[in-house]
Every structure is written in C-alpha cells, then in structure tokens.
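The next part holds the structures, each set out as structure tokens.
In what follows, chain A forms one complex with chain B and a second complex with chain C.
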Partner chain A sequence: MIKFIAKRLGSGLVVLFVVSALTFTLLYTSSGSIARNILGDQATPEQVALKEQELGLDQPLVTRYFAWLADALSGNLGASWFTSEPVASSLATRIPVTMTMVFTAMILIAICAALIGVAAAVKRGWVDRVVQVGAIVGDSIPGYVIGVFLVTLLAIQLGFFPATSTISPEVGPEAWVYSMTLPVIALLINGVTGGAQQIRSAVIKQLERDYVRTLRSRGIGEREILFKHVLRSAAPAGLTVLSLQLIGMLGGVVIIEQIFALPGMGPLAVTATGQSDLPVVMGVVMYTVVVVIVVNLLVDILNGWLNPKVRVS
Partner chain B sequence: MSDSVETAAVTAVPAPATTGQSGTVVRSTVMRRLLRNPMGIASLVILGSIALLAVFAPVLAPFEENFANITKTLAPADPVNILGTDSAGRDTWSRLLFGAQLTLLSALLCAGVAIAIGLPAGLIAGYYAGKFEAVSNWVVSILMSLPGLIVLLTIRAAFGPSVWISMIAFGVLISPSYFRLTRTAVQSVRNELYVDAARVSGLSDWSIIARHIFSVVRAPIIIQTAAIAGVAIAIQSGLEFLGLGDPTKATWGVMLSEGFKNVYLTPTLLFWPALAMALTIGGLVLLGNAIRDALEDGEKIKHRKKRAAPEGAGASTTAASATARQPRKSAAAVDAGTEHHLVKVTNLGVGYPQADGSVKKVVDDVSFHVDRGEILGIVGESGSGKSQTAFSILGLLPDNARIVGGAIQFDGNYTVAPGDERVNQARLSKLRGKRISYIPQEPMSNLDPAFTIGYQLVTPMVRVLGISKEEARRRALKLLTDVGIANPERTFSAYPHEVSGGMAQRVLIAGAISCEPDLVIADEPTTALDVTVQADVLDLLRELQQRLNIGVVLVTHNFGVVADLCDRVVVMQNGRLVEEGSVRDILRNPKEQYTRTLLASMLEGKTPMSMLVSSQKEPVA
Partner chain C sequence: MKLGPKAAAAALVLSASLALTACGGGAGAGSNAGAAPTSLTLGTLRDITSWDPAQAHVGHALQPYQAAYDTLILREPDGKLSPMLATAWKYNDTNTKLTVDLRTDVTFSDGAKFDAAAAKANLDHFKKANGPQMAQLGSVSDIAVVDDDTIDINLSAEEPALEYFLSQAAGLMGSPQSLGTDAIKTLPVGSGPYVMDKAASVKDSQTVFTARDGYWNKDLQKYKKLTLKILTDPTARTNALVSGQVDATLLDPKNGKQAEGAKMKLEANQVDWSGLLLLDREGTKNPALANVKVRQAINHAFDRKTILEQVMLGQGTPTSQPFGKDSGAWTEELENYYSYDPAKAKQLLKESGFEGNVTIDVPTLPGAETLISVLQQQLADVGITLKPGAAITNTFTADVAAQKYHALFFNLFQGEPTVAIDQIVSTKALYNPFKNTTPELEAKIQAVRTGGKDAGKLAQDVNKYVVEQAWFAPLFRVNQMYYHNDKVNVTPQAQQAVPSIYNYSPAK
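What follows is the complex of A and B.
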C-alpha cells in the first residue's frame, strides 16, 4: 500500500512539473510585448527595454522557467505586474474562500447524489424517473445561469438573501453561512443531478452482477448485499464521477464568484487574465492543479482500499 | 465541466455484435427509432430551428449586430425591436440571431478539433496498443486533470480574446473523451472473429479500420458530439459572461452578462440569452439521450430474443391482461399426495412483459419433480428456458420477470402458489442458503472481488446457521478440504482474483453445501471449466451428493454430463418440456426427434460422419 501511494504521489509530482512547464511556455512565448502592455502606448522604447530587463524578460525562456520553479519551490510565486502584490500572499487570502465553497458544495453533492442515486437504482419507479429527467435538465442549464437566476429571483426580486456576498471575518458565522448559501446552491445543482444519475447507473450495474445473485442464493439479506457488497463495488465509479465534478467545479467557481462578488480566487483570476498579468495567472493555474492532484491522489488511495485488485497491481 | 461527458461516452459504446458489419442497416433502424421517440423529435426540431435561424441570421435580423441606437436604450419590446434593446440601444433579437451563428460555429469547431485529435489517436492506440497507447494514456490523464475554464483563462491571457482560439484549445482539452471512446470500442472489436477473418483474407489494417471499426464507433461518436457541443457552448458563453470574450462580437454569454448588469432595470434582458442557451444545450442533451435509447432498444430486443426462443416457435406471445388467472388458493396447501416430493414444478410459465404490452413467454407449461437424494438433469440448448426454470425454483429471476402460470412447491409448501405473479420471496428468502442452494456457471464472476474467499464462505454460515465466526471458520476450512483444495488456509485468505477458475468453482461448491441444504441447483457447473477440471468437479458433485443425500437439479446442455451424473432427465426446447424419463431410457430410446438431434450432436462415442446429421436447429453451443 505504501509503495502504491508513493507511486501515485510521484506521478502527481511529474504531472505538476509538466503542467507548470507547459503553462509557462504557453504564457511567456505567445503574449506579445508584455512590457509595452504594462507601460501603455506612450512609453518610449528605452522605458520598455528597462521594464523588460526588470521583469527578466530578456533572459532565455528556459532560464526564466527554472528561476520561476526555484522560487516557486520556496513558496515565492512572484509578484503581480500591475499591483506588485506577491502572488502567493494574495492567493493565500483568497484560496480559503474558494475552497470552503468548493468543498462544502462537493460534500453536499456527494451526500445528495449518493442518496438519490442509490434510491433510484434500488427503488426504480418514480424516484428513478425524477432522476432521469433531473439529469437532462441539469445538463441543459450551466451552473452560472442557475446562479444568475438565483440572484435575480431570490436576492433581487424577493430579497431573501444578500445579492453580493462580501465576506469579512467580523460578520460572524451566521451571516457568513447566509451569504454562502446561494453560491453553494448554484455550484451544486448540476453536480447533484449529474452525479445522482451516474451513481444510479453504477449501482444498477453492480446489482446485475452475477455475484449478487449468488449472495442472494446463499441467504444473505438484501440490506447486507446492498450496503456491504454493492455499494462497495460501485464506490470507485462514484468516486471517479465526483472527482471529475470537482475538477469541473474549480473552473465553474470562478464564474460563480464573479456573479456573487465573492473575494475568492475567481475575480483575481479574471482580472489577471484580462490584463495578461502572467505571474498571477501562473499562480492560479498552479494552485488549482495542486488541488486536483491531491484530490486524485485521495481518490486513488480510497479506490485501492476498496478494491484489492488495484492495491496488488 | 467535462465530467458528465466522460462516463456517458464510455457506457455508450455498444456491444460490437449489435452494430457489426451491417452498419447501414443499423443506422436506418436507429434513425427510425429516433424519429418514433418524442424526445428525439423534440430535440431535432429544436436544434433544426436554431440552426436555421443561425444560418439565415443576416436575412432575418432587422439590424446589424453592433448597430446601436443611443436614443433608445433598455427599451421594452415594440414592433421595431421585437425583444427590446440593451443598455447601448442594440436590438436584442438581432443580437440573439448573430449570437446563435457564432455559438453553433464555435461548438462545431470545438467538436471538430476534438474528433480530429481523439479519433485517430484512439484508433491507433486501440488497434496497435504498445508504446503509443501508454504515452497517450498518460497525456489523457494530464488533460483530464485540468479544469476547463482555468485552461481557457490561461489561453485568453496568452493569446487574447478570440472565440476560435479558445474553442480550438477546448477541443484539444476535451479530445480525451473521443480518444477513450474510440480506443475502448476498437479494443473490443480488434479481437472479434470477423476482424481476424478480414486480416487473414489479406485486407490492410487501414481498410479493416475503415470498414469494420468505423461502423462500431460511429453512433457513440454522434452521442459524444452532442454532449461535447453542449459543454463547449456552456464554457464559451461562461468565458464571455466573464467579459473575457471578443467585445466586437454579439454572443449569448455577452448578452447574459449585459442583462445581469442591468438586472435592476430590465430583468428580461437576462431571460432571452439564458433561454437560447438552455434550449440549445437541452436540445443537444436530448438528442444524445434519444440516440442512446435508440441504440439500447435494439440491444435489449436482441438480448431478449437470444434468451427467449431463438426461432419463436414455442415461445408464444400472449397479452398480459388476457391470461385468465385462477383465483389464488388461500391456504396455499399443496395437492394431497405430492408433499413428499422435495420440489414439484407444475405447469410453470415464466414471461417478460414487453414494451408493447404483450408478455414474451420463455418458460411454458413445464412440469417435473425432484425427490431427496435424486439428481435431475434439465437439458436443452441456450434459450430453451432451462436456466429460467432453475431460477424460478431459487426465486432469483430478474426483476422484470413474471410467473405467468403454474406453481412451484418445495417440501410440501408453495413457493409459487397457483395464481401468483411473483415468487413468494418471504418464504423463499428463509429457504435460500439454508435448504436450497445454488452453484453458478461462471466461477469468477460469482465471487465478490472485494472480499476474501474466507469471508464469503463464513458470512452465510454465520447468518444462516447462527454459529460463531470461529466455528464458521473451522467449518469453512473443512469444507475447502472436502472439495479437494490442497492448501485450504491459503485459499481461505485469498481474494477471488488470486485463485484459478477451477479452484473458484470448488469454492462455490463448498459455499453451496456449507449450510447442508436439501436441494442444490447447479446451473451448468462445469461449462466454464477446462476439460480436465470438469471431470474432477463432476466426481466431486457426485461424491458430495451421495454422502449428504441431497437432491440436485443439474442444468446443462451436455448429455455427457447427464449420462455421467443424473438419475432422471427432462429435455427442454423453446421454453417447453419435450421429454422426460430416466437417463437410461432417454439415452437408449429417445422418443422425440429433438432429443435424438441433441444426442446426435454429442461428439463422444460417435463416428465423425454422424456430426453431419443435419437438423433444423443450429448446432448446440
């Protein structure tokens, strides 16, 4: 098991390295004259050259990448070209807001999707039909459109919730939960509808397996078969569904934060993208990829624990 | 955002046999089924109208997409601006039409790029495997761990605002879904006999791919494209909603963001682009679902046919409501004089309700009995209803199966009383495992891969016999020795994937006799095993049956097994009972033509010429 984890961890680090190198190359080779963008059209060629030297843009790409990598490994992701704020520290205040939302939504999705999906697979009938229709509706309406309508309807028209959710520590837990409710709902609806449907298929697939019939023939009760055998075998598929949803949600949350004016990673990423503030963009990419790698590692470990075959090979 | 796409695609790969070589025939039936499905028609109408509106946007739109009438901002609908104007005085209807054009084109571009990368890569990886597959799998795992929108933000930061560049990038990012789909399909087809035949007959790899493999992946790719186009529209509009799109273009995302900015003044501005998006994406989702349903329908019907009578001669189709039911016997007392039979099946009928309201009978008017210490063989080819009969005794028919007639009694009590539509689970669940047990056909798939063999032997004994775990463990080790396993301790702690098929079948036999049942239902217990192991397992069954004096129902297609083991035999064909008698009589003096045909198709003890004796049936599998 330890060897298995070490292997997965190693491949995660390789992925991180490859993605950082690719992103760095992509960002720094294609975005025109960076210094001129920062200084504006009025700047003289001398000023531009000076700025380029200041940013280290006169060095070859490979040198710059390894300089960035060395800094990044010591926790320094550089500074924003426009605000001069260190990327690491501005992300440090914003990442917690984003991640609280993403993980709250993910936990709720996991619970709701599993309950609904299993109920649909076992009971069939109307629950099943609701899940099927729900999945089609959920797939048809992007999360941010749901968000926009939640704000318009519940916050602006009816005034049940605050329309924008600027969070400061002083407001207290109650107000905080209150302000997070709508964004989390907007994030989780697609996840629940899609997740429930896929967990349903995974459970049905297991219920139709031969060994379930054999367990029944051995006199094992339905409940024990469902909870001990079927759910355990369906869990890897469910976990994969959830981890893919989480990856999608790390992108979706950017738009949701923009809609609800939340001080998370999203607005920072959007502003930096619009201005081509490359160190910030690079930092955002790195943070999200790290989250994805950690989550994938956890899913792999859980799967290895659930399925002895994975553990052995 | 690519989450739902992935799994949808993998499950959408049809079994190769259903599509097979006759690609065009399949496509036309799928198309017809699609048009019969209201969901399919709705999606085609929605997508068709949106496509038409987009194509004719320059003609239909009263204004240029960026024409702004500064004197008429945020105007309500009127005859000139039929959906009103936005904050810059631009016509909402016109912008919606031009937006449709751009949105559909960008979705097509994205899907096109994804297909152009994913399809060939998947074909090569699936067909040739090797290093290319290993490398592509690694690339795929990286691409799949990148959040789509974050990548598009990076692309935007690097290349500036362009719908086309961002859609090409998203196409690259989402190409793994085509890759995996194609690879899986190709892998399953690669080793099919007809592909081997094509290879032997000298066709080049590429013409094999073109002819045989494209016909398999075509339908899943259409489903996948519908899903991907929807995701592409959602993500591209999201980017524009964030204000990172091309500001000179009218798009639904920009319109949504414009509406959101003016939500306090004119909330209707939000509604139109959101509706357009939901309709388009919804149409694509419905289309994908409808195509999948159309494909699965075909598969289901074929599957059912295979399980039922192959030529439909005996399996009559009756209307579900038309079958007059006998009033249910209240006391459920069995007929006098039959109590002593261990199992008695009387005029049993089993059927499956069909979509058109009829019931397809797979077992029709079958009667037989088994006594204690007796081995009854049920012989017939696949589709004869022999397994369905056995599962009715166990009460383990699939959920959609119905008892359409007759009764089953076990040890003097009905488990299916006359008039019952389903097996009496309350009664059978007390008998299963304890008094009736089951030996399955395929050893590997009948053990739960996640639990050790020991656990799977111990738990039923603890549950059924109420003994302690230690006691059950002792008995399990003894049972493993009894079924001829040399190192019971090691097998006990092994997982199913760590033992051989023959060993697993011995484990299943040990499980079946672990609670000392009176009746064992063995469903082709030796079919999946090597010939050398088969004889051992049959010897084992005979030895155990004699020692424990249990009744056995042995389902098989093999008269050799019957001759070796059984006391009496019933022959089934197309769901009906053809002949019944002692093994000696049936083997020496078969009365029915069908029994003779079955006997003639046996290899053992026959001269090669007799194999050529033709019959109206396919040879027994």
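What follows is the complex of A and C.
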C-alpha cells in the first residue's frame, strides 16, 4: 500500500511540474502587456517600461520560469502584480471558504446520492422513476440557475438567508452557516441527482450478478446481501462518480461564488486570469492540481480499503 | 413501515418546510447592515489594489480613498473646487507656479501633523511612485516649502487641470512616515473622515471603516460606520441592494429594472461616451479611413436615437461629440452635428471615391455584441462593411498602443478638457495610436493647455475640429445608473459613475 501511495505521489509531482511549466508558458505570451494594464490607459511609455522592469517582465521565459519555480519550491509563491498581496496569503484566506463549501456539499451529496440511489435500485417502481426523472431534471438545470432561483426566493422574497455572503470576522460562526447554506444547496442539487442515478445503475448491475443469486439461494437475507456484498462491489463506481463530481465542482463553484459574492477561490481565479496576474494564476492552478491529485489518491485508497480486488490489481 | 408515494411526498414537503423554518430562526441575520442611520453600506465594484494614496485611480476607484484620506482641494458634486486641506490657492501671472495655503489644525490617524512638509512629501511621493494616475503631476517640476503652511507647486508647463488633479488622486494626503512603506499598502494612514477597521475587513469581500474621533470637518463625516462591500457581479449587487444588504450601488439598465421593481431610487449621471473611434485617420492600414468623407459618412449612417431606445433601453443621450457636458468643451451646436441621413452618407461615399469599397474591422467589446451588430446593419445599409473580430482581451491597451486596431467600438470617460485631450486627441493619447495631428489642431490644443481658466471654452475649438473631421463616430453619452434605498440620500458627482464619499447622508 505504501509503495502504491508513493508511486501515486511521485506521478502527482510530475503532473504538478508539467502543468506549472505549461501554464507559465501560456501566460507568458500575454503577460508582456501587463504593465500597461496595471497602470491604466493614461500611462506614458516610460511609466510602462519602468513597471515592466520592476516586475521582471523584460526577462526571457526560461529565466522567469525557473526563478518562479525556485521560489515556489522554497514556499514563496510570489505576490500579485496588481495588489502586491502575497499569493500564499491570498490562497490561505480563500481556500477555507471554497473548501468548506465544496466538502460540505460533497459529504451531503455522498449521503443523499447513496441513499436515493440504493433506494431506487432496491425498490424500483415509482421510487426509481422519480430518481430517473430527477436525474434528467437535475442535470438539465445548471447550478448557477438554481443559485439565482434560491436567492430570489429564499433571500430576497422570504428573507431567510443573506443574498450575498456576510462572512467577516465581526460576525460569528452562524453567519458562516447562513452564508454557506444557499451556495451549498445550489452546488449539491446537480450532484445528488447525477450521483443517485450512477449509484442506482451500479447497484442494479451488482444485484443482477450471479453471485447475488447464489447468495440468495443459500438463504442469506436481502439486507446482508445488500450491505455486505452488493454495496462493497458497487462502491468503486460510486466513488469514481463522486470524485469526478468533486473535481467538476471546483469549476462550478467559481460561478456560485460570484453570484453569492463569496470571497473564495472563484473570484480570485476569475480576476487573476482576466488580468493575467501571473503569480496569482500560478497559485490558483497549483492549488487546483494539488486538490485533484489528493482527491484521486484518496479515492484510490478508499477503493482499495473497501474492495480487496482493487488492491490486488 | 412502507410509505406510499403521496405520504412520502407529504413527508418531504413537511421536512423541507421544517428545515426552512429552522433556518429562518435567524431571518435577516445578514441584512441588518444599513438599518441604523448611523451606518452606511455601499456595494462597490472591486477592491482597491493598494492603500498607498499614490496608487489611487479615478471615479469609482477613488471613492474608498476618500474615506481614509483628505484631498488638498474638495470637489463639490457639481464639479466646483472648494477648500479642504488647502484653504486657498493662487497661480502666478504666467500660470507656472501655484501657491497653496494649507490648514494648520489637521493631524493624520497616526498622530503626525499635516503641514507644508507633509504636503510636499506626498506630492513628491506621487510623482515617483508610478501609480496609475502619475501623469496628473507630469507637468510639476518641483514642490517648494514656503513656510509651515504654504507650498509652491512649480510647473514646467502650464496645466489647467492641476487644481482638479489636486482634488483627485494627486491631492490625497497620507502620513509622511508611512508613504512608500509596505504597511500603508494594506492599512491607510490619512487624515480623512474615517479610519479603516482592519480586523473587520476581509480582502476582496468588505472594507469596514469607523468614524475618526476629532475629525476636523464634521460636515463631511455623516456616519459612524462605513462598510464597502465588494460585489463584482452585477447580479450580486442587485440582490444585495434589493434585499437590504447594501444601501446603494451601481447597476446597469437590465438590473436596474429589478431594482426599480423593488422601489430603489435612481441617480442617473452621464460619465462615458460610447461610439466608434476611427483611429487610422492617415490610412496607414485602412486607406478609406484617411478620407474625411468616408468618416463623415459613417457618422451619418447611424440612427442614434433608435439604437439608444432599442439596445440601451433609452438610458443615455444621443450625441455627435466626444467631449462631455461637464468639461466646458461641450457645445449645443455639435450635439446633433451628424443627423441620421443614409442618403447623405451614400452621397459622401460616392464623392470620396470609396463607394462599395469600405471595410472596417473592429474588435468585439464583450457585452456590446448586440450594439455592434446593429451598427453593422446600419453601416451595411449605406454600403459600408463592418467586420467585428475577436473579443478584446487583457492585452487591449497594449494592442491599441501597438496600432493593432484601425477602428474600435468603445466606452470612454469624459474628463476635464486636458484630460480628455490627452486621452483621445493629442499625440500623447493612448486612443490616438497613429499619432494623427495637424498644425491647426496642435495650435488649438496648445491654446487649451495655456488657457488657464478659459481652458474649457478653448477646448470647444478642439471638440469642433475633431467632430468636423469625424475623428470619431460618437453615438451617445451613457447613463450611469446608481441606485440607493430610502435610508440614504445620494447626490450624484459630476464626471463620476459613483458619487464621492461625501455625497451620502442619512435620509431624515
């Protein structure tokens, strides 16, 4: 197992390196004109030249990339070109907001999708039909539309929740809960409907397998068959779906954070990318890659734990 | 227990409503901001990049600085300049030296005293800090301390807008010890009506200020607490306003409808003009644009009134001139200089010899796709092809400077005469990338620069020249739509989409 984890971590580092080099190269071409963007449309060419020198934009690509890499390896991700705020501190204040939201949504999705998916697979009939229809409806309504709908109904009309985030040090933790409720609901509806559908299929597939028939013929109870055998075998499919949803959610959360004005990674990523604020974009990309690597690793480990067959292969 | 479909549905509805009621226990937890008349919460478009006063910008990007910093000169809502930290100011006979008398009873939030040395330190810092508005003091050669409460600002060339600049970014005064330090980037140290509460502020989410004890001018300090909530997304701003989270914010025509539905009040103000910039006037890349008749034909092709009504929901005023109403350069006769006259446009094209042979490439301005396609249609009606290209990107300003575009559709700020001239007309202007000029125009520009108090009037000649020569095809002055609730009175500020911080007061 340790060898497996080490191997996964090693390949993760290679991915991290390759993605950083590619992103840096892509951004390099457009960063030449950043000085002008920072200074605005009334800046003189002399001002622009001075700023370029200040930011090291007059250096060639390779020099700049390795300077960034050396700094990054020593834990220094640089500072935003526009705000001078250190990238590490930007990430440190924003990652908790986004991660709280994503992980809360993910846990709820896992619980709800599993319950609904298994119920649909086992009961079939009308429960199954509702889940099927729900999956189509859920998949066809984007999260941000749900977000706007929730704000209009629950925040503006009924006043149950704040329309935009009220997260700040002057208010207590309950403000976090209030601020996060609507965004989390907006994020999880697609996940629950989509996840339930996938888990349903996986469970049905297992229920139709020969070993289930054999177990039944030996007089083993349905409950035991379901919880001890079927769910274990169906788990890898479910986990894969959930991990894909989590990674997809890193993109979806960007729009949700904009709608609810949450100070998370989304607005930072959008602003920094729009401005070609290279140090910040690099920070955001590194964070995303690390999350993806960690999530995949966790899913592999969980799969191995749940299903010995996976460990062997 | 087995549940039938109806029972299950009922249980679901019941549990959902219970959940809602439970959550509703704290109803309005986040909407108390602005409830008390002693606090003001504003929705702003973006967080500022640095609290160093030399990094301040114009318009809505100036407002946060006004909370923490005083300016030397106060700009009243109608644009009139009044004393603030400067009690009086006077030019010498040649307009090359401005002598400024200063207040003696003002301290900064760190306890330092405001005096002539502090004012000089600020202006010197502004000149070398390479901020976005550094050009405001471009013609200042040096600043001399005359005595404790007087400075001389010496100019290398006349600058009619200098007094205006001293009411803007260049006039913001920070504590001299803090200037140029890293600390002032995140925590302002000024003499303004409010001090920032850093503990309650969250970068890119909200900035909280509290009233400064013993502030010298109580008339400008109308609230005990001021919160600037950063709401980048217009939908989020609208939701925050109608749900009472913010007292006032800037919206657009589409979102404005929703705000009006919620009985919010509108303060409309014209700050930008919108239209085509016909940049390649010597035909370096597009020979047709060198012909004044082609440029005039373009101007006659547009039915400005209908476009405004249909595309902009009527939020603006049709115009043929690029200079704004508050600049002094605006004239009635130029307002409808180019009437909607397709026949005349066709005639002009015929006379130019470019009939059926004019193609104009413009980049696409995100958000203006509909407008550009309407322009395309109207130009096609007179025989001109408008080809919208790729959307502008974050390299836009550099692309303009590099002569990438020979024409473009854009919205531009209508500033003071010299500001506008150096933005769109003079050879220094970013939006004159081909450096077009004539001796006649140079003489008119020079007259404005040395015109002192008459600069606005003299700029009318520059305005007339660029309108007659059809340097641009302006369409309309766009309404900036600033909405507020009934707890606050708001006075719009000339040439600013967002009012100055002094323009808000509790509604009685």
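The criterion applied here is as follows: the second predicted complex is superposed on the first by the 298 of 313 C-alpha atoms of A that agree within 3 Å, B and C clash if a C-alpha of one lies under 4 Å from a C-alpha of the other, contacts with A are read in each partner's own complex, and residues count from 1 in each chain.
The rule is simple: a contact is a pair of C-beta atoms (placed from the backbone, for glycine too) under 8 Å apart; a residue touches a chain by one contact, two chains touch by 3 or more.
Everything quoted here is computed from the prediction, not taken from an experiment.
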Joint occupancy of chain A by chain B and chain C, clash or fit: clash
Contacts of A:Thr100 with chain B and chain C, given as first, second, both or neither: neither
First, second, both or neither for A:Arg213, with chain B first and chain C second: first
Larger contact residue set on chain A - chain B or chain C: B
Touched partner set for A:Trp126, first chain B, second chain C, both or neither: second
Touching partner for A:Leu306 - first (chain B), second (chain C), both, neither: first
Partner chain in contact with A:Lys51 - chain B first, chain C second, else both or neither: second
Partner chain(s) touched by A:Asn76 [first = chain B, second = chain C, both, neither]: neither
First (chain B), second (chain C), both or neither touched by A:Glu174: second
Which of chain B and chain C A:Asn37 touches, first, second, both or neither: second
Clash with chain C (superposed arrangement) - responsible stretch of chain B out of 110-118, 254-262 or 488-496: 254-262
Contacts on chain A seen with chain B and repeated with chain C across the two complexes: 30, 148, 151-152, 156, 258-259, 274, 276
Residues on chain B engaged by chain A in the complex (per definition of touch): 1-4, 6-7, 11, 141-142, 144-150, 152-160, 227, 230, 234-235, 237-238, 241-244, 256, 260, 263-264, 267, 270, 274, 277-278, 281-282, 285-286, 289, 394, 396, 399, 429, 432-434, 436-438, 440, 442, 445-451, 459-460, 463-464, 495, 497, 508, 511-512, 515, 521
For the chain A and chain C complex, residues of the former touching the latter: 30, 32-34, 36-45, 47, 50-51, 54, 82-85, 90, 93, 126, 148, 151-152, 154-156, 158-171, 174-175, 178-179, 181, 258-263, 267-268, 271, 274-276
In the complex, chain A residues that touch chain B: 15, 18-19, 23, 26-27, 30-31, 124, 136-137, 139-142, 144-145, 148-149, 151-152, 156-157, 194, 198, 201, 209-211, 213-221, 224, 229, 232-233, 237, 240-241, 244-245, 247-252, 254-255, 258-259, 269-270, 272-274, 276-278, 281, 284-285, 288-289, 292-293, 296, 306-309, 312
Chain A contact footprint on chain C (complex, rising order): 5, 20, 23-24, 26-31, 46-47, 49-50, 57, 130-135, 138, 182, 185-186, 199-206, 208, 229-233, 235-236, 239-240, 242-243, 245, 262, 393-399, 401, 419, 422-423, 428, 430-431
